[in-house]
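Please read through the structure below; I'll follow up with questions.
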Amino acid sequence: MRRYLMLYLYFLRFSFSKAMEFRLDFSFRILMDILYYIVNILFFKIIFLHTPMLAGWTEEQMMIFVSCYILVDAISMTVFSSNMWWLPHHINRGELDYHLIRPVSPLFFLSLKEFSANSFLNLVIALGILIYSLVNYSQPFTVADVLLLVILILNGTLIYYCCQMLMILPVFWTQSSKGFMDLFFSMGIAMERPDRIFKGWLRVMFTILLPFALIASFPARLFIEKFHWPTFMHLTAVSIVLWMVMLFIWRKGLRAYSSASS
Amino acid sequence: MIEVKNLSKTFTSHVKEPGLKGSIKSLFSRELVTKDALKPVNLNIEQGEIVGLIGANGAGKTTLIKILAGIVHPTAGEAKILGYTPWERANEYRRQMALIMGQKNQVWWDLPALDSFILLKEIYQIPDAQYKYNIEFLAEILMVKDQLKTQVRKLSLGERMKIELMAALLHNPKVIFLDEPTIGLDISAQKAVRGFLRQYQKEFKPMTILTSHYMEDIKELCPRIVIIKSGEFVYDGSLSDVQKMMGDEKVLSVTTQNGVFKVSVPRQDLAKKTHELFEEHYVLDLNIQDPSIEDVIESIMKNGIGAT
Amino acid sequence: MKWWKDVMGMELRKILAYRSDFWITFLGQTFIQLMVARALWQAIFETQGVSEMQGFTLEMMGLYYLIAPIGMKILNGPNFGFLAQEIYDGTFTRYLLYPLSVFQYKTLTYLTYSLFYSLQMIILLGIYRLFISEVAFTSVDVGHLFLGLLLFIIGAIAYCMMGMMIEMIALWADNIWSLAVMLRFFTSFFGGALIPITFLPVWAQNILVWTPFPYLLSLPIRTIMGLSTFQEVTQGALILMLWTLIFMEGVKLVWKKGQFKYTGVGI
């Protein structure tokens, strides 16, 4: 454990020293994320021009939800996105070889090595948006509520990571990840909608099978509404199972990689 | 100790008919073909031994090496290296093993070599003293002391290979797999790498398997060679004995007005053949030699043992 | 001039190269986006207790969100990176060696994708009508469908020019995919893929008329749905062509400045 922590510190050190050399494309990326935040906030502002309530939430409650998923997005952009971008390429071109011969978990290495130090600014902005929407929230809440919200947002980031991995891992068998990655990004929209709008099999899908609704919507619900044990237990159980399923498929995938590579 | 018993590997792949029609058809159904990359092979290597693995492209060299490094799962058979089954990838095994591929990089391009090394120190948990000693020792004999602080991508190909070697050997592996370590290097860099490998082998006595397209590498480093052809071992024995495989053959190298050509002839036919040559050509010069190691190996790689 | 046939055939084979990709993007992606959008609007219609908003019934909303994502695909062609990636890894060099214009070649491959997705649109509309919602199709007819697709193709040419202009910034910066993604955000939001633009405040709509976005998405979608007049369609087509010319000049200008920056790395 200590060794992995040390390794991660090295990753951070490398990426910050790399970010020091300013490159034009870094600033494009920061701009892109900011635009993403603006578009998402505007989207719900426009919806609320036409309705006073949506899925049981008022506009200010919706803004808390929106800032939750913006924060999830910012964290995963900084911590995971570069790694997730390269992972299918590595698998596809048979570049896992050197990761497999080392006495360190290849999953750890491949998921965390590229920390995007230049997206750090977006992390600060996203955090600012969350604080702003909390400060402007008219209902009473406690420090414990906020603490729980933050923990659940971190958990949401892990769910997001797992879902993305589940969409990347088929590349071990299909050789091309483009289709699944496109599917992931279009499914990502399910994270950006309050979970109450999903009914029937769509609800089963987004709260259990590919639990995008658990990333931000459940945490926001536990914060905005009274703490609700069944919701919390659902969130915990699905998170744990998802994590285990992801690890299982990862191992199967490595096995397939080993039998297919030459 | 490396012990390999009946190890084999089969691949399956899809075939697709050419053309747009084939593309549309393959959306619905596809045909599978299988290929034997490695037919059952046996191999034993002792502590301190260095073995040269020789074969044409696609003969199965890299597949064998990747299986022994634990990257590829075999289809059938067994292997024990230092008591571990490689593809179970036990951390204890991986800590004692190194793989160097001339065509793939393991150090990070955007970082100076020393940064990569320090990460490897952490990964392999190399003790401080050993780490310091190895950096000194390796950089000294590879002569890359001044390049350690430069971004790796700014180094020349030869220097980069040296850095790769350093990176792979920092943890003093007991088993080393070298897959074409001199590929693409110029003559002097090739020499440097060879010299280094010889010295390293003498100093640390690891078990090493080396593949290379350059006979020079093999001749200088490997007392024992294994020749692999279409997934099968056709020769496993000492380098000097390989010449005996050609049996009683002699090579005639003939110079005519049109240039030089070579013919190999059984010893008993030597007189007859020479006579024929003088009758058929206007011979300027004639040389009778024993076949060189290169000739023998090339002939085995092409025709197998029986045909020679 | 037969080479264009070969180019298009090759591009088509590339699209079909991976069958899982094909089926996922063809059915999976479209379906998910449609279902999520439908769920959202159902919730809105229910809280409001109305059967129509801004001229849309819930069924029409469903159809709208079926057309919008495929429409985005028609516009996007081979997706972002079609030029920038090649500039980055150096394969761009080959176009400088071929005896033809890079931009003609690229536009042609781009259009192959757009036409391919247009065909997908027709098939998916057919499936939707047969199996999911016939009601939504009351005002749809074949004439409008082809008029709308024509608008999409004209839009795709304009968008291709816009894309090329942006992707050529890769001559100066290593990685511009984020710029291309930004263009996509803009188009999907201001073009009406996320929310029909009639839901925007009127002042915002009045500004948008001066940008290409509503003509790229909103207008062709509405045309396919049979909601726009013939005059709107011809006007929109003309405006799109005007934008194409403007962006074409832009491409020329950027290339004129940028070609000296091209180093041919990776070769």
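To keep things simple, chains are lettered A, B and C as they appear, and every chain counts its residues starting from 1.
One rule holds for everything that comes next: contacts are C-beta pairs under 8 Å (C-beta built on N, C-alpha and C of every residue); 3 or more make two chains touch, one makes a residue touch a chain.
Because the structure is predicted, anything quoted here is derived from the model rather than measured.
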Chain nearest the overall Cα centroid: A
Highest C-beta pair count, chain pair: A-C
Centre-of-Cα separation between subunit B and subunit A, whole angstrom: 44
Cα-centroid distance, subunit A relative to subunit C, in whole angstrom: 27
Rounded Å distance, subunit B centre to subunit C centre (Cα mean): 51
Residue list for subunit C, restricted to those that touch at least two other chains: 17, 22-23
Subunit B, residues touching no fewer than two other chains: none
Touching residues (chain side subunit B, partner subunit C) in the complex: 19-20, 23-24, 26-27, 30
Touching residues (chain side subunit C, partner subunit A) in the complex: 17-18, 20-25, 28-29, 32-33, 35-36, 39-40, 42-44, 47-48, 53-54, 69, 172-176, 178-179, 181-182, 185-186, 189, 194-195, 199-201
Of subunit B, residues touching subunit A in the complex: 11, 37, 62-63, 66, 69-73, 75, 87, 89, 91-92, 94-95, 97-99, 101, 104, 106, 108, 110-111, 115, 118-119, 122-125
List of subunit A residues in touch with subunit B within their complex: 3, 6-7, 10, 14, 18, 95-98, 100-104, 255, 258-262
Contacting residues of subunit C [partner subunit B, same complex]: 9, 12-13, 16-17, 19, 22-23
